[in-house]
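Going by the order they are written in, the chains are A, B and C; count residues from 1 in each one.
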């Protein structure tokens, strides 16, 4: 009996052992290294380094407005992604969840943007947004809104939104695939029963789809937050953070500090603070999800 | 063993390695790690594990170069450069300016023992180019590009009246803004005063600096810059100029090869940035484009030096220059390069670069300055505001 | 519809409504599709042009198509050398992530043990701290383990990288699966592992397909880690080949685009196969409720 219980106890851990082992080797060490370096003035090269205590953090919180501006920019893009991008993904997933003609083809097409490499995305959107020869400006003058045309990525008013649009265009395919899988695992019988009762599409969505999908919604929104807050490759290939600081985001700031200014320790401090912010957001999300599930 | 990041030169390097093995029996292996961001991570990581190769290149600011030296991974090559090699010292092969980038002078601000620590493979300069065909279309003389800022503005107006877009550059890469702005700063106030500013003995709010910033304000007011150039990466700017959608560009000598690929018929000339004053010479950025260093902890140091000597000899330099269309660092070869490329080597005596300045500005200040110019170009801030902001960053740094 | 008197039970009206909805649905879907296809088509069209014409002639159906670009891209990028490598890395990493993540996710979802919630949180928190300089730390670590320039040294960090997403995704789906089947299997005397393997895993097939799709794409497009870990060209993945066309100053756009089209096609083909499992999942084992 005791042996049985022991086996039972350890048997559960065996399931997580491989993941834990990899985590301990490949994640924990870099993780701790970052914490250790965040209290130093390391330049990324020297064999020795000076301990600076919390000076990096103090400067970051009191004297680095650009970092917090970049955080705000990332929040703006994330807010747009959470709403516009995910609603689009959900809407498309709902449409493709039905037995629609050509559903297979659409499902493949919506996955194209995530598949394309950053270099194509950068080239094509630079061309779309171009001030003189851009597709967007051509289109606007075609429909009689030529007054609106501008160099979208170089204009302080539009640069951040233009970048956000690229990100959402590239990102909605991910959410679409996950949401579709979630929708597909809802048993059809539930819908059929409801249809017999004469429920409309909206009622079915509200009463069947949405409640069952809450965990998947949470999953997608957390992944969206993490993915969007850490955006940087699109920015580097379109605006480089400019004009001025209008499209700077935390990761571009970290890279500039680390590579451009060779302040490795300081960059690690930025990484720690940024990571804690993301962790806090995710915790709130998970809490909210638990509360919602209990309702 | 050589590590490098020059993906477009990988084939040429491999070819040279094969030739070297044929001639000497010594095997040289080139490993490519691209793009350059990952390359610089890899060499920094290799410092920590002491696994750097025999020969490698260092990217980044001179500060980083100094850190590599202080960590003990870069051999001081002053001795071998001065030692006669077949009658003449090795260093006499190079353009003087080419070695400057790799040199640490006595009492340098980095605390590095004076000496030359790297071997240049090629040269670059960054200058203005103009489209001769568009010049002729506008009724301007295709043989006389603007010499002064006033002429530049005047030519710009002529071009504007003919609806020809004017000036493009990759100002999304802020170091290009920095290059142009510091060219003008040195022309206006002289090197001394610029360096004094870097040392913190003169403020960025000085009228001369505001004048430099105002040039960009003027550029914005006259709409000289092509729409969108403020955030353009240089490759896009190069497409614009190559496809004759801008009459001027500010670009480096590598562009000769770029333009040739995109538009072989492009008819253009090179000129230094239009001057503001005659009080001081117009400096341009340039010097060694690519350099290699020898790992001081390598067991094959001597062999590495021998290979670099061979690599910078006339025959190999001519081969590299022909294959990659770069200005060779070996001055004996410069007679054999194409005419437009040769135009880029005119004015080599006025070449300068942050890596040869006796003092250096901190990256934070430089960024604030360049980003500030972006803000001026989009009409968001005035030159005075930017000067104030840069001054604040400068004062914070010196605290 | 106001003012028009229609009997809602009228068959024609129903049909009309259905057709209208269907028309607008497809119109919307097609609009989004065009926005998604356009860049790939542009890349394809560009791959048939020359360096001189690629930014001058912006037509989407180039008149004289340079199909030979594909041959040149294939040989210059040395794809024959890299193709099998990428295939190997993709298969091993996907199997590793799916297997390890599904086990862990199953444990986090079904089994009770101490520190479960904390471990789960720690596990997915690795997704959140963007580790600047993690590359350097990783290199130092792999060097200590003598894994630099080995296949294993390239594979293991990628499996580890895929785990947080995998665990998070699969746990979400396991949480939603009905427990009844597993309970009855357990009563029949099946051990934990057999329940997981024979009952839970097949039920989670749609989620596993999703995970596989994501991991495949990530591994197939990976090259930064390869550049850090590997030196030997014979170990390098496919993306290394594309580097040939991207110099510091010169990018050979038509060849690069041809190379990109070549590398994208296998991913799309695999996606096409896998996404059927997302759909099939229900018909195969729809027993939820």
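Just so we're on the same page, a residue touches a chain if its C-beta (ideal position, glycine included) is under 8 Å from a C-beta of that chain, and two chains touch if they have at least 3 such contacts.
Values in this document were obtained by computation on a predicted structure and should not be read as measured data.
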Chains contacting each of subunit A and subunit B, listed by label: C
Pair sharing more residue contacts (C-beta pairs) when A-C is set against B-C: A-C
Chain closest to the assembly centre - both centres taken as Cα means: A
Whole-Å gap separating subunit A and subunit B, where each centre is the average of the chain's CA atoms: 36
Cα-centroid distance, subunit A relative to subunit C, in whole angstrom: 15
Whole-Å gap separating subunit B and subunit C, where each centre is the average of the chain's CA atoms: 40
Subunit A residues counted as touching two or more neighbouring chains: 44
Set of subunit B residues in contact with two or more other chains: 44, 48
Numbers and ranges of subunit C residues touching at least 2 other chains: 136, 246
Sites on subunit C touched by subunit B in the complex: 51-52, 54-56, 135-136, 139-140, 143, 148, 224, 227-228, 231, 243-244, 246-252
Contact footprint of subunit A on subunit B as seen in their complex: 37, 40, 44, 47-48, 60-61, 63-64, 67-68, 70-71, 165, 171-174, 226-233, 236, 245, 362-364, 367, 371-372, 374-375, 377-378, 380-381, 396
Contact set on subunit A toward subunit C in their complex: 9, 11-13, 15-16, 18-20, 22-23, 25-27, 29-31, 33-34, 37, 44, 88, 92, 95, 100-102, 104, 106-117, 119-121, 123-124, 127, 169, 173-174, 177-178, 180-182, 184-190, 212, 215-216, 218-219, 222-223, 226, 230, 250-251, 254-255, 258, 264, 267-268, 270-272, 274-275, 278-279, 282-283
List of subunit A residues in touch with subunit B within their complex: 43-47, 63, 126, 129-133, 150-156, 159, 237-240, 242-245, 247, 256, 259-262
In the complex with subunit C, residue positions of subunit B that touch it: 5-10, 31-36, 38-39, 41-42, 44-46, 48-49, 51, 235, 239, 242-243, 252, 254-255, 257-258, 261-264
